[in-house]
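Next come two complexes, and both contain subunit A; in the first it sits with subunit B, in the second with subunit C.
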Partner chain A sequence: MKYTPTIGIECHVQLSTKTKLFSEVDNDARGKEPNSCVSPVDYALPGMLPRLNGEAIKFAIRAGKAMNCEINRSSRFDRKHYFYPDSPKGYQITQFYAPIIGAGYVELPSGTKIRIEHAHLEGDAGKLTHFDSYSLVDLNRVDTPLIEIVSMPDIHSAKEAHDYCKELWRLMCFAGVTHGDLYNGNMRFDVNISLAPEGAEKLGTRAEIKNLNSFRSVERAVEYEITRQTKILDAGEKVVQETRGWSDATGKTTPQRSKEEAKDYRYMPEPDIPPINLTDELIEAEAAKLPLMPVDYRKRFTGSINNDILEILLDYPELMRKMSEIDEKYIKSIANLFTSVLLAEEKSVEYLSSLPDAKDLNELAQMNEQKELSSTATKEVFLRLFDPQMKGRGAKNIAKELGLMQENDLGALEAIVDAVLAKSETKKAQDDFRNGEEKVIGFLVGQVMKESKGKANPSAVQEILRKKLS
Partner chain B sequence: MKIAREDIVHLASLSNFSLSDQEIESLGKDLEDIIGYISQLNELNTDDIEPTYQVFEMENVWRPDEIIVQEAERESLLALTKEEKDHQIKVPKVL
Partner chain C sequence: MKTANKKVTAERLVRDALEKAKHFADYNIFTFLNEEGAIKKAREIDAKIAKGEEVGRLAGVPYALKDNFLSREGETTASAHILEGFVSPIEATAVKKIEAEGAIMIGRTNLDAFAHGSSTENSYFGPTLNSHDKNCVAGGSSGGSAVAVALDIVEFATGTDTGGSIRQPAAFNGIYGLKPTYGTISRYGVVAMASSTDCIGFFTKTPEDMDLLMSITSGQDSKDMTTLPDYYNEDSEMSSLADISSLRVGVIKDFDNESVDEEIRGALKKKCELLKSKGCEIVELEMPSLKYALAAYYIIVPAEIASNLSRYDGVRYGFRAEDSEDLDGLYENTRSEGFMPENKRRIMIGNFVLSSGFYDAYFLKAAKARTLIINEYEKAFSKCDFILTPVSPNPAFKLGEKINDPVAMYLEDMMSVSLNLAGVPGLAIPAGKNKTGLPLGLQLVGPRRSDKKIIEFAKELI
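Showing the complex of A and B:
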């Protein structure tokens, strides 16, 4: 039978505030020792009072606005109780009843809109590492601010699930609310998926796949689940509602040991943190800080940059900001240069941390346009423009220093052509060409290029050769 | 309101408490008394009344996003835990 998959995704985004959500401790534990970014509040020592980070509220407003969401004027925190070593408090401080971010939507590159149900602020848990007979707890991550974004079940394929997660990541990166480092778990996805016979109104029983940390894993896990659930339903059996884990290595989801009490969180209002009441002024001020978003760049560059290339470049907010400083007529060629670097150079991250000045990029594109630089030379100069040591010197100077400027002076070119034609080893080729052997022109152009040490403009050379040999 | 023995056992397991039979007994009775006392409020008509979530009438108590170097050092905090290994808190294996 044919089935329609229905998918909803919950995404946790770690916010890149300087301090944690409830304590004045460094929130950036990357590359730091375990338990070195921890305070007595994070340890939940008796009498400790959590203090809410105002910046996290502002980040949440911006994140919400990036997803076209309503921002709730009034929100508050609740305690979600559970006993586990990753949480010294014995509960997570979250927003169960009154979240800060209300309904909105995310528009995919395809134009499909995925509705957002709500998103809320909460503290992250600590990190556990498991060994044979014990586990170790690192509390650095305790109460890193998270927003949990809950989508409506508007997603209907593995590809769409992938695109939704990727677009969310872009929105959060453009909005500047997260480091967006998926490898280090800055964004994590839980996917709910069920299958129902095509055309059926009632949804099927769903499985939840927890803790996916890449777009590719989301896509593969959904593909796997669609196949697994299809087989179960085709056999006339029932899908079990359960939580499943995904393994990148095996490419399979497997049931996770479910704790019987898992759903009994005994929520209660968090008495230590007074409610958040936002004014329109504050919300508008934060919304105004949002820079241009992917949807704006898509509108702006459609027509000047090929769609596939634009979608590659949209993974890099700083690069898009740079692109908007480029002269309209050079946008396409600069976009192509950036793409070739990002796709081909292994050090793309390094390159991105030191983008060339727009002035140099415009100058470079102009030199290429005026045939002062061949396309190979253009790329060579382009790469140098990322070098902090070189870029202050300007594109033209770099091209000159490297001896890459093309010879366009027709008088000078003619002299070189004459010198080549005077050489005895080119005589046969000249005769062949006159006798109609068209392709030997390539050999002659090559000889001139060699003579000019690669600086001649090949199309000008060919033109002169044809004139002289006619 | 009668509190069943299983309710106490369930609540204890959620918080990872191990209770003796006697404690289960007495805690059950205590909870019944507490809930009974609070239940007096059920006599009031609370239709159209917003639940009270906090009693201090404070709002927007936010702090600036500035790192403050902690007086409590890593090792002194770790020393409060039962067992430590490689600057981490060692706990029985959990899944």
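Showing the complex of A and C:
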């Protein structure tokens, strides 16, 4: 039978605020010793009280606006209780009853809109590393601010699930609220998926796949689940409602050893944090801080940049911001340089932090257009523009210093051509050409290029050669 | 209150206090005596006095600290086994403020473990005895602090009041005890019982001392988001008492029945006569919602207790049970051995009322009752300036009398908890003694932020 998959996704985004959600400790524990970014509040000493980080509230507003969401004027925090060493307080502070971010939607590159049910702020848990007879606890991540974004079940394929996650990631990165480092768990996805016979109104029983941390694993896990659940339903059996884990290595989901029945988190209003009341002014001020978003760039560049290239560039907010400063007529060539040269570099990530000025890029594109630079020379100068030591020197000066300027002076070119034609080793080729062997022109152009040490403009050379040999 | 000067040194004051503390050792008031630390501090203050330097408004004044306040001196145990061995790396905001004025902590006082109780009998270290009758309870949960002040060991002591834990022991020992408006004094660094009702306050021998301590400790603290801007030290309508003859004092009709001790009712009537003679108008109030206060309190408070006690799991600090098989075993054994029976009772009630399926029926309903109570107080204060009521239905009871009857023990709080639910201030004031020589106490209640006026008004009731 044919089935329609229905998918909803919960996404946790770690916010890149300076300090943690409830304490003044450094929120950036990258490369730091375990348990070195922990305050008495995070450690849950007796008598410690949370202090809400105002920056996290502002980030949440921006994140919400990036997803076209309502921002709730009044929201509050709740406690979610469970015992585990990754949770020093014995509860997580989250927003169960009144979240800060209300309904909205995310528009995929395909134009499909995935509705957002709500998104809320909460503190992250610590990290446990298990060994044979003991476990180590690292509390650096405790109460790193997270927003959990809950989608409506509007997704119906593995590809769409992939695209939704990726688009969320882009939105959060463009909004500047997260480092967006998936490898280090800055964004994590929980996928709910169920299958129902095509056309059926009632949804099937869902399985939840927890803790996916790449778009690719989201896509593969959904594909796997669709196949698995299809087999179960085709065999006339029932899908079990459960939490499953995904393994990239085996490419399979497996039931996670979950505790008997559903957990009871005994939610309770957080009495230590007064309700958050937001003014329209604050919300508008934060919304105004949002830069151009992917949807804006798509509108702006569709037509001038090929779609595939545009979608690649949209993974890099820095590049898109730069693109918006490029002269209209050079957009296509700079986009090509970004994708085919810059992103092909091994250290492209490092390069992203030292992008050249738009004026240099414009100059470079202009030189290429006016045939002052060959395409090889353009690529070389382009990469040199990222060198911090070359900053401010300008594309033209760099090209000159490197001796890459193309020779366009016809008089000078003619002299070089004459010199080449005078050489005995070109005589045969000259005769062959006169006898109609068209392709030897390439050899002759090559000889001239060699003589000019690569600076001659090849098409001009060819023109001169043809004239001389006719 | 006696502060140190060139003639009477801080060291003298502290040594006297320590000596008295030892003299009354059989009352089981202190969980820790800060001999070394206190004398060292006293000498520092004396040195400053000798040099003519600024020493603060509480220079050299010995005080007692309820053992649920974090301070670097001694272990902070909250009289609970599970916190045994816990030495705090930080100090409570309130401790910081009073010590910055020169006060010297001579010891930590006994309480019902985690402040759960009305008699100080639920302490891991055993009960504290009443200052007026060793066969009677000190009241609770701040029993140790109340007795330390009542026996004149110290000039003042700190307390916490979640449902009467300052006012009731103050009444049982014949001294002043203030539960301020919720949010007046920072809770930062005080072992939490129930966050939405916990208040920090003091025991003193006079209203003047109370006023001084309040003016020192009130105010907003960035470490406690629930603190109010400092209204106490601000001149406003809320802080200045009007002419006494223009004041209306409410008495609650609902409490005037045989469930309240006759002699306490008599003491209340006597004070009302006194007020009438000074020109006050006595207004009879009907406050029918107050009958829900105790039930609402014993739902909301245990819920917050269960939550706040979750952090005591034996993983990071304090007591950890030995020889557990696995993680669940570690939690189970540590918490079973580390908590007192009353702690466990409240954890169970709290978790029950929060569990899914019961939340709406219990917690949410109690929260609604709380709103009714808040509104009822607001209404009451449109008819009067203060309310005068008993603190508890009876004077100090016998040790062991109610310890096995939790409901009887909870009924002790029937007239005190509504203030905590409403967030309004209440000052326990002495009101004579009964035939057997036990102190009787009443409480003066005012609208939110009327703390200074209440203290002023209390002077009229002496």
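Here is the rule we go by: the second predicted complex is superposed on the first by the 466 of 470 C-alpha atoms of A that agree within 3 Å, B and C clash if a C-alpha of one lies under 4 Å from a C-alpha of the other, contacts with A are read in each partner's own complex, and residues count from 1 in each chain.
The rule is short, and it goes like this: a contact is a pair of C-beta atoms (placed from the backbone, for glycine too) under 8 Å apart; a residue touches a chain by one contact, two chains touch by 3 or more.
In this text the structure is predicted, and so the values were computed from the model without any measurement.
Participant: Could you tell me if A:Ala44 is touching subunit B, subunit C, both of them or neither one (first, second, both, neither)?
Facilitator: second
Participant: Would you check which partner chain A:Asn277 touches, where first means subunit B only, second means subunit C only, and both and neither mean what they say?
Facilitator: first
Participant: For A:Lys18, using the defined touch cut-off, is the partner it touches subunit B, subunit C, both, or neither? Pick first, second, both or neither.
Facilitator: first
Participant: Looking at the overlay, does A:Tyr91 come into contact with subunit B only (first), subunit C only (second), both, or neither?
Facilitator: second
Participant: With the two structures laid over each other on chain A, which partner does A:Thr129 touch: subunit B (first), subunit C (second), both, or neither?
Facilitator: first
Participant: Return the chain, subunit B or subunit C, that is in touch with more residues of subunit A.
Facilitator: Comparing touch counts on subunit A for subunit B and subunit C gives B.
Participant: Considering only the touch criterion stated at the top, classify A:Ile309 as touching first (subunit B), second (subunit C), both, or neither.
Facilitator: neither
Participant: If we overlay the two complexes on their shared chain A, which of subunit B and subunit C does A:Ala60 touch? Say first, second, both or neither.
Facilitator: neither
Participant: By the touch definition at the top of the document, which applies to A:Val137: first (subunit B), second (subunit C), both, or neither?
Facilitator: A:Val137 contacts both subunit B and subunit C.
Participant: Does the superposition put A:Tyr267 against subunit B (first), subunit C (second), both, or neither?
Facilitator: second
Participant: Of all the subunit A residues, which ones make contact with subunit B and with subunit C?
Facilitator: Touching subunit B in the first complex and subunit C in the second, residues 40, 43, 45, 51-52, 81, 83-85, 90, 137, 264, 266, 271, 273-274 of subunit A appear in both lists.
Participant: Quick check on the complex: what are the subunit B residues that touch subunit A?
Facilitator: 10, 13-16, 53-54, 56, 58-68, 70, 72, 74, 77-78, 80, 85-95
Participant: Where on subunit A does subunit B make contact in their complex?
Facilitator: Within the complex, subunit A touches subunit B at residues 17-19, 24-26, 33-36, 38-40, 43, 45, 51-57, 76, 81-85, 90, 128-139, 257, 261, 264, 266, 269, 271, 273-277.
Participant: Which residues, counting only subunit C, touch subunit A once they are in their complex?
Facilitator: Subunit C reaches subunit A through residues 68-70, 76, 78, 83, 86, 88-90, 92, 187-192, 194-196, 222-226, 303-304, 306-307, 309-313, 315-317, 327, 331, 351, 354-356, 359, 363.
Participant: State the interface residues of subunit A toward subunit C in the complex, per the touch definition above.
Facilitator: Against subunit C, the touching part of subunit A is residues 40, 43-52, 79, 81, 83-85, 88-91, 137, 264-268, 271-274.
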